[in-house]
Structures are given as structure tokens and as C-alpha cells.
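Listed next: structures, encoded as C-alpha cells.
Shared between the two complexes below is chain A, which has chain B as its partner in the first and chain C in the second.
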Partner chain A sequence: MVIGHLRRAYSSFAAHVFDIPPRFMAFLFLMILLLVPATGLGPYYLSIVIYANVMAILAASWDLLVGRTGQISLGHAIFFGIGGYGSALLFKYYGLSIWVTIPIAVLIGSLAALLLGFPCLRVKGPYLALVTMAFPLIISSTVSWGPLVDIFGGELGIRGLPGFFPFLPILQQRAAEYYFTLVLLFASSVLMYKTANSKTGIVFMSILDDELASKACGINVTRYKLLSFMISGLFGALAGCVQANLLKVANPPMFDISISFLPIIVTFLGGIGTIYGPIVGAYIYAILDRYVLTDLLPRLLRDNFQVMSLPSWYNFAKLLVFTLIVLILVIKWPRGVSRFTTDKLEDLEEARDLDERGPRIWKTYKKKKSSTPT
Partner chain B sequence: MIEQIIIFGAISGGLYALLALGFTLIYGVSRVVNLAHGSFYMLGTYMFVFFGTFGFFVSDPMLASILALIVAVIVVGAVASITYRLTIHPVIGDEVAVLVVTVSLAIVFQQLMLLWYGASFPRVSWPAGSVLLESTSIMGVTVEYSRIFAFVVSLVLFAGLMVFITKTKIGKAMRAVSQDREVAMLMGINTERLYMLTMFLSAVLAALAGIFITTSIEKFAGPWLWLKPLALSFSIVILGGLGSIKGSLLGGFIMAFAEKTVEIMVPEGGGIVGVVPLAVIIVTLIVRPKGLFGKRIEMEE
Partner chain C sequence: MHLLEVDNLTKSFGGLTAIKNVSFHVDEGEMVGIIGPNGAGKTTLFNLLSGFLEPDSGNVTFKGENINGLAPYRIVNKGIARTFQVVRPFRHLPVIANVMVALKSPRGARKIEWIKTMERKAAEILEDVGLSELMLEPAGNVGHGDLKRLEIAKALATEPDLLMLDEPFGGLNPLETDYLTKSLMRMHLDEPSRGVLIVEHKLYALMKMVERVIVLHMGEKIAEGKPEEIAKNEKVIEVYMGKAT
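== the complex of A and B ==
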């Protein structure tokens, strides 16, 4: 009895608090992010958030292709690497400024997506996943091939990129980089979100839902798939060239399977098919991986338990933990964290509508929702 | 030059066919694209190293090695069926989820082996003094006996599997399920158990291919060694047609000959061998997207 009243009170309270338009929520999120450097974080902590911004762009581009259009790509590292190498090569051979190389590299990434899309999109489903997974493997072995070492720099890659704001001192440089990546993230996520919810995005969704039916409606499916590939490649390359210029190096690990796998982890953490989900997921991932597991936990262990150096397997265990989380999420909770929150919010709204009917209906209603997307 | 390509290509071809057969078998029966297939190859080599130190209470080191091989292969098969039941089975039917789950499994196995053995590369070979480590000369090319052994075993296994699939009751059940799952269920086939059995077989094939390739050609095991065999097996399977057994045999040999040609003819070809699968995939997709023997692929047009 008492619990029922409490639950009803809580649900009506929560429903009112969370009854904020999503646009305002996004604005609030952005405001908080804008204030991050003002809190006086050190350069290392800022670099974590910068990393989260870049990975969010990559993951959102993966989500646009996979979650919205249903074209499974397991080789998103290819766009990441092409962006990075494109920018680095333009700098190395033509000495172009970073503000020129990034747009050109982004266009190269989009063009590469178009070229790869022609053979890839002749097949679909598992075949497509396999083919896309093969590309980064092969490009990375080409890039590190002996006879091409003069062009691509072999295993070491192309070093000595100028970086974004070389004239500033280190802390201001990090802050400037942070704002730059944040603006990029904001701009590209708005663009992707708008694309995903425009008329084109609806066509993408129709391809995801039923390709044959959308073909029957007179939609040129191949053209829209190529378009989705190109948009995704464009933002993937953007993330890649920003990352290469931040780290001042473009090297074969940019094509690594772990880079292809990262958007998958992040997207499933956040929620597939939402565009904003991967952004939330990227922040969760970056904070967990780079802050909690790399910085906070070792420090706590050192201060409280006198564990001076962590065992050598610690770094291997981190990726294991994340992969297990993804595995469990995919099997048990396939809608992701942000989808879970939106579900909860919808539940609360429904609960508010159903308020007079009492808490038991709300309970049964909650159990009903378990269908998976895609 | 030509002799080298023919002999080494044939030896690799048999093993590649074995590797691809496992991949195509599990796809054909349960429609699971198993991206963890390369991991079973990698796990096989590690288990061979691990059980190789056991001895099994026999004095002859070669016999102990063979026993280690058998135990390792069975362990990998069991691990595969259990992981199948626990992780892939709940999401079966959802393509994206299956792919993500199997990639995750591959990375889990990679990290587990990293935790167990560290980032070192244990040497994998037959015991010292074994006759397999000596070499002979065929057509003027020196070939180790271990490679000939691997080639013969792979062909025998392939033939045995063909007989198993075409003649035995379980093989017939497998073909029935691959043709029509629901009708096969109506005929009283326990598809669950059949899937687990197929997974076992497929992992056993991958582990055997792994052990033979590492003992005769690669020489070292490593936690990252799942990616290359995976790329190989799926490019062979795309070439031969997903779900086709003949295709994986022919595709394996074509891929092996193509790789050896590039490796021997192109200067510093060893570093660029990885590009061969891409070239093969692209040519296949442009010329004949369903593969050499593929039948039931849903096509764009």
C-alpha cells in the first residue's frame, strides 16, 4: 500500500522532471560539455573527452549505416584510416595546412566509400559484412608493405603532423582542441540526425525494414545505399583525420580490427539506430576505459591497498571486460542504454496517463516491452 | 619456380579447403556467419601447445604429440559447442546480432589467450627427432615431411567428411536442415542438437587446419592469429559460394595457388600476400557474385 503510493508519487515526480523536450535536453548536454574545460581539468583528462568526441563521430557514422540503413559494416576502420592517411599524405607531399587537408581528406573518404560501395553493395547481409571486414585488413597490409615504404612510411606510418594549434601552450592547446572537436561533433551529429530524420532518412529506414517493398515503391535502392555509404564514409574519414592530426601520426593500426570493433561496442552501449545513442555510448566508453579503469582504479588501489604496480595482464583484461559487456548487452539487453532511458521515459509518460488506474497496470505494462529493433 | 608454386600451393590448398569447409558447413546448416571461426584455429594451436607439454604417460614423443592433437581438437570442439549454446543460440535469426556476437567472441578468445600466455608467440612444431621434421625432394623442390603429412591428412579428412555428409544419417539430417529447416523439424530432426554438432565439427576442422598450418608452415602461434585465417576462409567461401562444399575445396586450391604465385613471382611478395583475398573477392563480386557453386544467395538485382 505504502509502496504503491510511493511508486505513484515517484513516477509522477519523475515524469514531470523528465518532461523536457529532447531538443532542450540536447542543448543542456551541449552546455555542460562546453563548460568542461572551465572546470580546470588537466590535459590528460581533457584528452579523454577529446577522444570521446572523435569516437562519437565515428560511432554515429557507423550507426547511420548499420542502425538506420541496415547495411552491416564490420570494417569501419577503413574510412577512419583513409581519412587519417589522406590528411597525412596531403601534408607530407604538398605541405598543405591542416585546414585544407581535413576537408580534402573527408572528401577522399567519401569518394572511397563510393568506390568500395560499388562492389560491396552488389551483395547484402552476411556477405556484405564479410567483404567490408576484409577491406581494412588488406589496405593495412598494403600500407605497411616493404616496397611502398617511401610513400606510406611502412609500419611506423607518417609522423610529424603539425597538430591543430601548435602555437598555443599545452593546456590552452588541449582546451582549443577540445572545443574544436566538440564543434565538429555537434555539427556532424546534427547533420547526421537531420539526415536520418529527413525524407532520405525515411528511405534508409525503409531499406532497413524491407528492401523488396521499398524497391516495389519505385525507390532506387542501390543509389540510396550508396548515398548512405558515402555519408557514413564522410564522417568516418572526418573522425580519422581529426584523430591522426591530434596524435600527429597516421599509421597502420588505424586500420586495426579494434578500430572497426570500437563503434560496435559504443553503439551497443548507447543504443543502435538512434544516432544520439552512440554519442552517449562513446562518452560512457571513454570515461570507463580511459578514466575509471586507467586512472581512477589504479590510483585507488595504490592509495588504499598499497598496490604499486598493476599486473601486466591488466591492460588485456580491460578489452576483455568491454567485449563481455557487449556480448551480454547484445544477448540480454539489445536496445542499449539510451534506448533503455527513452523506454523508461515513455513508460513514465504512459504511467502518468494511466495514473488513475493504479500501479498494477503500470507494472504489467512495463513487462510488455521487450521487442528488438532491426 | 613453377614446381614450387604447384607443390606449396597444393599443400596449402588442402589445408585452406579444410579451414573453409568448417566455415561453410556451419553457415550451410544453421545460417550463422561465424566470425569466431578464426579463433577456433587460434585456440587449436594454443591447445596443441598446452597439451603438448602433458606427455600423456607415453614414452614416444611423437605418439604423445598425436594424442595432444586429438585432445586439443576435441577440447576446441567442445568449447565451440558450449559457446554456441550460450551466446549464439539466443540471438540466432538476427543477422546483425549474430555478427556482433561472433566478433565479440573472437575478441574474447583473443584476450583470454593474451591473459593466459602473454603477448609471446609460442613455437608450435612436432617433437624434436621426429621423422616429420626431415625433408625430401619432389621435382627438385625440398619439402618437409610435415607438409606432406598435413596435405595427406587434409585430403583424407575432406574425403571422410564428404562420405559422412552424403552417406550417414547425421549427414543427411544436416543436408535436410540446410535445405529447409522447418520441414526437417517436422521430420523429427532435433535441429538444436544438430546445430551444436555442426558447430563441433566446424570448430574441429578449424582447429585441425590451425594445428597443421602452424606446425608445417607458420611455425608460431599467436593470439592475433585468428584474423588472417578468418579473412582467408571467408574469401575462399565467397569465391566458392557460401554453403557449398565443392566450392570450398576448389576455392581453397585456387586461393592457395594465387597466394603462392604472388609470393614467389612478385618481389617482396611475402608482405603483399594479404591483398590476394581482396583481389579475389572483388573479382568474384564483379564477375559472379554468387561464387563458383553458390546457389541460394539473395542477390541485389
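== the complex of A and C ==
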């Protein structure tokens, strides 16, 4: 009885304290992120968060295409790579400033998405997934092809990009890059979220739910699918050219299959079809992959077990561990971490509603009791 | 000129001829029923008219324009809206957003003015079919009877000149059937120039509503006429009941 009472007290407390509207939560999240460089993190740790920011843009763009429109793409690296190479080539041949190459590269990515969309949208479901998977492979082997080495730089790619803030000292450079990517992430995720919840977004969702019924409503399905491809390609290319300029190189691994699968893992971690889910997922992924498994665990092993050099299979083991974690998450929380949290919050809200109703029922009960003559 | 004219329509799947030389017409403001036993080709006929299937031969003319082989969404934007026999809601979307998808089509967007927003228009349509209470509920949580009405709301949102209903009463209980019959009749009175084509198995409900009935059997039209005539037609009785011995 005491435990039950305590539990009720806790749930009432939680319901009143954790009652935060989602917009405020997003604001809070942003505020925390804005303070990250002020904690005096080293450049390596900052680069992890920068990486998370960029991957969040890529994953959110994938989520808009797959989670909201239902067009399964297993080749999102193509937009990533096109953005990177577009920006790098514009710098290499025209010497344009980074602030000019990024918008142009983003538009190129969007145009490429439109061109790819035409053949891709003739097929559906798993076939679409296979077709989209093939494109990055084709482009990747084209850019690393021998005869084109003068243009694309072969396997080494295009090096010597200027970076974002070359005039700052190295430590401040990282912080500046961090703020820049954070602003980009915030702006692009707000744009994508607004698009996904606009009237056009409703049509995207209808295509995901039932393409045939959507046609029967008079919707030109092909046009909306292409639109979705273009928006997704635009933000994918944005992520790509930011990444290329951060690393100061655009190389064939940007078209790698691991880049294609990364948004999938991240989105499933965070919650598919939410747009904000992949952002949460990207942070979890980046911290897990780049911090816990690359930095923390080796350090712990070295300090406590005197394991000085890690075995060569460690990288594969890392991948395996990560796969297992994702697998467990997908089985345990198939709707993703972010939606699990929002569900919990909704439960709490319900509990609070019950709590409010409680006294009222109690009052009526009391009233009834007093009114009935004994 | 008839609103819809179907001329010698034929469609076969492999060796099976689903629709064989069917011709009929629908006039403006007319309510026409199509009946027939299972496998008579009623749904195939609907799919041919709405562009989901392409006919082997024959012509479909709508408002004097040949609409053979047009894409489904183009046909909807010309003014033919259809519902499906098996409900096809957008399950992740709220009921009102289901209607807004249809309002986003060029034909549905035609009547939306600056003052009358899409949301208000959708709400009005939902009120017409009696779904305003479920407006914000995701369509996946809504019961079958309400989804049937949602199908009609989606079709009405494109402001069709010809409304094609594929078994609107399928799976409804008598009370719901009655309610839907009444609201369909009311809609018909509100929009007197709209033609309506109904495929239905519940003959009792259908015969009260329509002005003309077309009977299909094995892909062929075997009778056409007023409901009272059809009810007495020996060929129709034979198709439904079997031959009297």
C-alpha cells in the first residue's frame, strides 16, 4: 500500500515536472548544444559532435524520403558524394569561395536527384532500393577511374580545400565549425520538419500509406515523388559538401556503401518518420561509435588491463557490437528512441489527467454521500 | 450529349474475358446502379472507367472527350471520382488530412479561395458525410463503417461530375446503410447535375435509390431498365436464383 502510494506520488510529481511541450524541448536541446564548446572539450571531441551534426542532416533528409514518402533509398551516399565533389570541383576549377560553392553544390545535388528520380521511380519497393543502391557504385567507380584522374583526382580525390574558417587559430576553428554546422542543422531540420508537416507533406505521407488511393484522389504521384527526391537530395548534398569542406577533401569513399547505410541505422535508432528522430539518433550514433568504442573503451582497456595495442579485428568487433546494439534497439523500441520518449511523456500526461480527474470524482462521491440521508 | 458514354468496352485477362462489349451511358444528374452476381465484372468495369486498367477495345467518352488510357489522376481531374470496394484510407494521417490529400489535387484545389482555407473545406465535406467528430483521429483507428464514409468524402473532395461508388454499403449494418443511403440522397439533391454510378450487392438499399439499373453477368450486359422492371425481369431472376425447373 505504501509502495502504491509512493508510486502515485512519483507519477504525479513526474507528470507535473516533466510536462514540457515539444517545442520547448527542442529549444532546450538546442540550448544545451549551444553550450557544448564552452565546456572546454578538446578538438577531437568537438569534431565528434560536428560529425554528428552533419550526419544528422543526412539522416533527416533520408527520413524525409523514406519515412515520409515511402521511397526506399539504399543509395543516399550519392547525394552526399555529389555535394562533396560538386563543391570541390567548383573550388578546383573556378577558385570560388566556399560560401558560393556550397549553395551551387546543393542545387547540383537537387538537380541530380531529379535526374535520378526519373529512372528510379519506374520501379517500386525492393526494386527501387536495389536501383538506388547501384547509382553510388557507378559514380564511385567513375570518379576513381584512371583516365579521369586529372578531373576527379582518382582514388585520392580532390584535396586541399580551404576549409571554413582558415583565418582562425585551430582550436577556435573547431568551435566556429561547430557553431556553423549546428546552425545549418537547426535551419535544415526546421525546414524539413515544416515541409514534412505541410500540406505537401500530407501528400507525401499519403503516397507512403497507399499510392493507389492517392492516385484515385487525383494526385500526380510521380511529381510528388520527384519533389520528395529533390528535397531529400538537396539536404543530402548539403551534408556532403559540408563534410567535404570540413575534412578538406572529396574522395571516392564519400560514395561508400557505409555512408548509404549510416542514415538507415541512425534513423532507426532515433525513430523513422519523425524528422527529429534521426537527429537524436545521429548524436547517439556519433557518441557510441566515435567516443565510446573508439576512445573510451580502448583507454579503459589500456589503463585497467594493460592492453596496449588493440588487435586487428577490433574494428570488425566494433561493427559487430554496434550491429547488436541496433538490433536490440530495433526489437525493443521499434519506433525509435525519440518516439519512445514522447510516448512516455504522453503516458505521463495521461497520468496527470487522471490525477486531475481523481479529486473531482472524489468530490462528487463525497457530495453524493452527504446528500443521501442516512 | 451524355455525361458518360461507354461504347463496346472489352477487357480480357489472359483467356478470361472480364468485360465483353458493354455499352451504356450515364446522364447528368442521374443515379445509375450496376448489379450482378460475384465475378460479373463490376469492379473491372470500374477500374476501366477510372483508368486503373486499360481496355482492350472500345471507347469511354466523358463530356464528349475520349478518356481511354488516361492516367488515373488525370481522369480524376477531368471529373470522375471513385471509391474502392476495400477501403483504402491513409492510415497514418488524421481523417481530415485524408480529405486534404484530395483537396491538394488540381481539381480539388480549384474551389479553394483565399478565405476558405483547405482545412475549412475539408471540415465541411466531413460534416456532409457525418464524420466531423472523428476529424482528428488517425484513420488507422477509425472503424470500418466510418472508413466507408471517409472513402466517399475523399471522392467528393475533388468535386466530381461523376461519382462512382464501388459497394458503398459493403460490410455496413442496416442502421449504417440507412444513414448512408439518406446522406447519399441528400448529396444527390444538393448537387443535381452530378451523375452517380453505384455498384452494390445490397439490392434492397440500391433499388430504392437509383433511377436506372444495369445488370452484368459474366462480363456482359444482360438487362437495363427501371428498378421495378429489373426486379421482374426473368433473365435477371434466372442469373441470381438459378433456372426454375
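Basically, the second predicted complex is superposed on the first by the 346 of 374 C-alpha atoms of A that agree within 3 Å, B and C clash if a C-alpha of one lies under 4 Å from a C-alpha of the other, contacts with A are read in each partner's own complex, and residues count from 1 in each chain.
The rule is short, and it goes like this: a residue touches a chain if its C-beta (ideal position, glycine included) is under 8 Å from a C-beta of that chain, and two chains touch if they have at least 3 such contacts.
Computed from a predicted structure; not experimentally measured.
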Go through the superposed model and pick first if A:T294 touches only chain B, second if only chain C, both, or neither. neither
Scan A:D210 for contacts with chain B and chain C and give back first, second, both or neither. second
Is it chain B or chain C that touches the larger share of residues in chain A? B
In the superposed arrangement, which partner chain does A:Q173 touch: chain B (first), chain C (second), both, or neither? neither
Touch check for A:I219: first (chain B), second (chain C), both, or neither? second
Quick one: classify A:I202 as touching chain B (first), chain C (second), both or neither. second
Counting only touches as set out at the top, which of chain B and chain C does A:L121 meet: first, second, both, neither? first
After the superposition on A, what does A:T142 contact: first (chain B), second (chain C), both or neither? first
On chain A, the residue positions that both chain B and chain C contact, one per complex: none
Complex interface listing, chain B residues touching chain A: 27, 33, 35, 87, 90-91, 94-97, 99-101, 103-105, 107-108, 111-112, 114-115, 118, 227-228, 231, 234-235, 238, 242, 267-268, 271-275, 277-278, 281-282, 285-286, 289, 297-300
Provide the residue numbers of chain A that touch chain C in the complex, in ascending order. 199-200, 202-203, 205-206, 208-210, 212-221, 273
Quick one: in the complex, what on chain A touches chain B? 66, 70, 72, 74, 119-127, 129-131, 133-135, 137-138, 141-142, 144-147, 222, 257-258, 261, 264, 268, 272, 312-313, 316-317, 319-320, 323-324, 326-327, 330-331, 334, 372, 374
Complex contacts: residues of chain C adjacent to chain A: 50, 52, 71-73, 76-77, 81-82, 84, 88-93, 97-98, 100-102, 104-108, 118, 154-155, 157-158
